[in-house]
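Dropping the structures in below, format is structure tokens.
Below are two complexes that have subunit A in common, paired first with subunit B and then with subunit C.
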Partner chain A sequence: MIKLRFKKEMQTPRGKELLDLDLSIPSGEFITVFGESGAGKTTFLRILAGLTQPQEGFIEVDGEIWFDSLNRINRPVQQRKIGVVFQENNLFPHMTVRENLEYSCGDKSALGTIDEWIIAMGLKGLESQKPDKISGGQKQRVALIRALIRQPKVLLLDEPLSDLDMHSRLNLQDEIIKVYQKTRTTTILVSHDLSEVFKLSKKVFVIDHGKITKSGSPQEVFVNNDVSGKFKFTGEIIEIHKDGVINILTLSIGNNVTKVAASDEEIAGLTIGSKVIIAAKAFNPLILSRL
Partner chain B sequence: MNKLTGQVTLIESSEHMSIVDIDVDGDIFSAIVLETPASAAYLKQGGRVTMLFKETEVSIGKNLSGLVSLRNRFKGTIKLLEKSDILTKVILDYKTKEIISIITTRSAQKLGLIIGDAVEWLVKTNEVFLLKER
Partner chain C sequence: MHYDLQPLLLTFRLALVVTVILFALGLPIAYWIVFSRNRFKYIVETLVSMPLVLPPTVIGFYLLIAFSPKYFLGHFLGSLGVRVVFSFTGLVIGSVLFSLPFMVNPIKAGLQNFPLALIEESFCLGKSSWDTLRSVILPNIRPALLTGIVMAFAHTIGEFGVVLMIGGNIPKETRLASIAIYNEVEALNYDTAGLYALILVIISFCILLAFYYLNRKRLNIF
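Here is the complex of A and B:
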């Protein structure tokens, strides 16, 4: 169990705001922290990682106290057993993929697992490449292995997929799910991508102006349950094509891409990248066959 | 998306679904939902609800005679027609509101629709979404 409560003054584009959080995360859970930029998501991760110190508070991870302002306890980053993947991978450019991984192993025991990880993450054949010779998605796979290889207690993912194109993003989401199912590492993902939140996490905390405003399953938090539609999904608009009096929208929903016809009035104010809920009556969908 | 608000006048439920009658300025609409008053708070006799239905689910009838199974059948006047190759958008005056229907251009031509036509517009009960008034 991770128990956190702390206060930290943040500088935001709107001026000074107080990040004031109090939450518990059961061990082995995959949770998302969702919010607009400047809401305090990254500060939250930095405080947990020990990169930023709160004014006051308490952090306990699986019975170990990492921070306690009353008793002046503040474990340094190296002693916190965390793995972090940032939006921008910070692989060493002069080292190969394998060297980057070896460097992060720390002790010998992890070294033996490098090959297993390389195969599991589809990086076989790229071990001797330097980071600038591999794709953005592949770099983030290396960064993910690097974060996990020392078997951290907590994996922190700070918008690790937001710089990737749609295809790589969907692939890497699948990899993250696979790795989580394999290791069951307590994972905290920071994201402002709704479809990602729905796909990856069972529980989401919404942070707004430094406070948690909502928490629960993505369905509970984001889907307006007042609507009677039973066939309801959250997705992102990838393309909008106008064809006569109607518009054809291409949407990414989970790991599927779908098309929906919509009137001008229905899509007023929406652009590529907008997050939408699409709904149909439960009577409409056809059941074609089992896969 | 068409949107109309009215008052629930009747709810008929089975174990898992309900057919709901909604009064909009004297016209009675019907919607069928996989909910019952026990599962959805907005299903309340006398309560206010909003109905949503897609433009492409609204049919247009002119000089309709005989019987049709559609229960939602109301009078409107064509205010505007926007034609494109395949589809035509028909904007109707309905009471104080606008209802939009998108039908095939072939149908619009076959019906000889013109601005000012008095027509009937129809929508199936299982195409109407219900939600708390908004």
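Here is the complex of A and C:
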């Protein structure tokens, strides 16, 4: 179980704001922290990792106290046994893929698992390549193995997929699910991508202006309960076009682009880039053929 | 034409000893300046850079006074049988102080430009500051280290004021190439002075040429 509550003043584009969090995460859970840029998501991960110190608070992980401002306890980052994958891959540029993984291994038993991980993550043949010779998706795979190979107590994923193209992103989402099911490591994913939140986690915490405003399953948090659609998708608006009395929204849903009609009231406050959920009621689809 | 290779050999011996000492000293000083949160570190930074602006004779003068047997430090060392002024030891101490910024400043720049994210990543992987320095930082700032080594070595070869003040002009002991050139010109032996000068020019050119060539290749590695 991770128990944490802390306060930390943050510098944001809007000025100084207080990150004030109090939450518990059961061991072995996969949760996401969702919020806009500057909401405090990354600061939250940095505080948990020990890279940033809060003004006051308490952090306990599986019975070990990592931070306690009252008793002046602050366990150094090296002793927190965490695995972190950042948005910008931080592979060491002078080391090969294998050397990056070896550097992470604390003991010989971990060294013995490198080949197993390399094969499982589809990196066979790339072991002797330097990071600048492999693709963005492959780099993040290496970073993920590097974080997991030392069997961390908590895996922290700081928007690790946001720099990847859609294809790599979907593949890596599947890989993350696969390794989570294999290792059952307590995982905290920071994301501002709704589809990712829905796909990966059972529980989401929404941070806004430094506070948790909502928490629950992605369905409970993001889907308006009075809509009971047979089909629900999350998508991103890529175009808003006025056509007579109605508006045509072009949406990107997964790998597909679709158009839906919406009234002026429905699109109030929406702009290109807004994330929306579309639902259809009383809809009986026809399955035309198998792909 | 009379000439003696001793001043040249002494110059390169001094440059080598000074560069080794400066590397051992410069790396921890640069590391401390970059990563320490001590609010007085700017004083150390200023002291390290003083030789860049002071006339070499000023540093030489203070060293001469400090190590003079008339004063405490010189007297104390003298009682231990160590003579600093007008000795090779004095040359080494003066040169180390005078070339310190040429070693510290490039390494400092290399450390300042090194991405903090990679250091934090190494910490997250459970590695200590020492492991991170040895395995992550140093291999990636090799061009800065090489710059510090070459600059300290080349600058020591080119010293005159400090070494003349603290070392004097004792043949085989403190007469360096730069002092020998001055000596030969004073004695109107222009041929010998010209030979020493030409040898210094050629060697300095070769060192810098090799450095720029190697550094270009190194920078292409990543």
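In this section, the second predicted complex is superposed on the first by the 243 of 291 C-alpha atoms of A that agree within 3 Å, B and C clash if a C-alpha of one lies under 4 Å from a C-alpha of the other, contacts with A are read in each partner's own complex, and residues count from 1 in each chain.
The rule is simple: a residue touches a chain if its C-beta (ideal position, glycine included) is under 8 Å from a C-beta of that chain, and two chains touch if they have at least 3 such contacts.
Just so we're clear, the structure is a prediction, and the values are computed from it rather than from any experiment.
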First, second, both or neither for A:273, with subunit B first and subunit C second: neither
Partner chain(s) touched by A:83 [first = subunit B, second = subunit C, both, neither]: second
Contacts of A:94 with subunit B and subunit C, given as first, second, both or neither: second
Which superposed partner A:106 touches (first subunit B, second subunit C, both, neither): second
Residues of subunit A touched, compared between subunit B and subunit C (which is higher): C
Which of subunit B and subunit C A:13 touches, first, second, both or neither: neither
Interface residues, subunit A side, partner subunit B - complex: 224, 226-230, 243-246, 261, 263, 265-266, 279, 281-284
Subunit B - residues contacting subunit A, complex: 1, 31-35, 40-42, 52, 54-56, 82-89, 100, 102, 126-132
Contact footprint of subunit A on subunit C as seen in their complex: 115, 117-118, 120-128, 135-136, 139-140, 221-222
List of subunit A residues in touch with subunit C within their complex: 49, 51, 76-79, 81-84, 86, 88, 90, 92-94, 103-104, 106, 130, 132, 146-147, 150
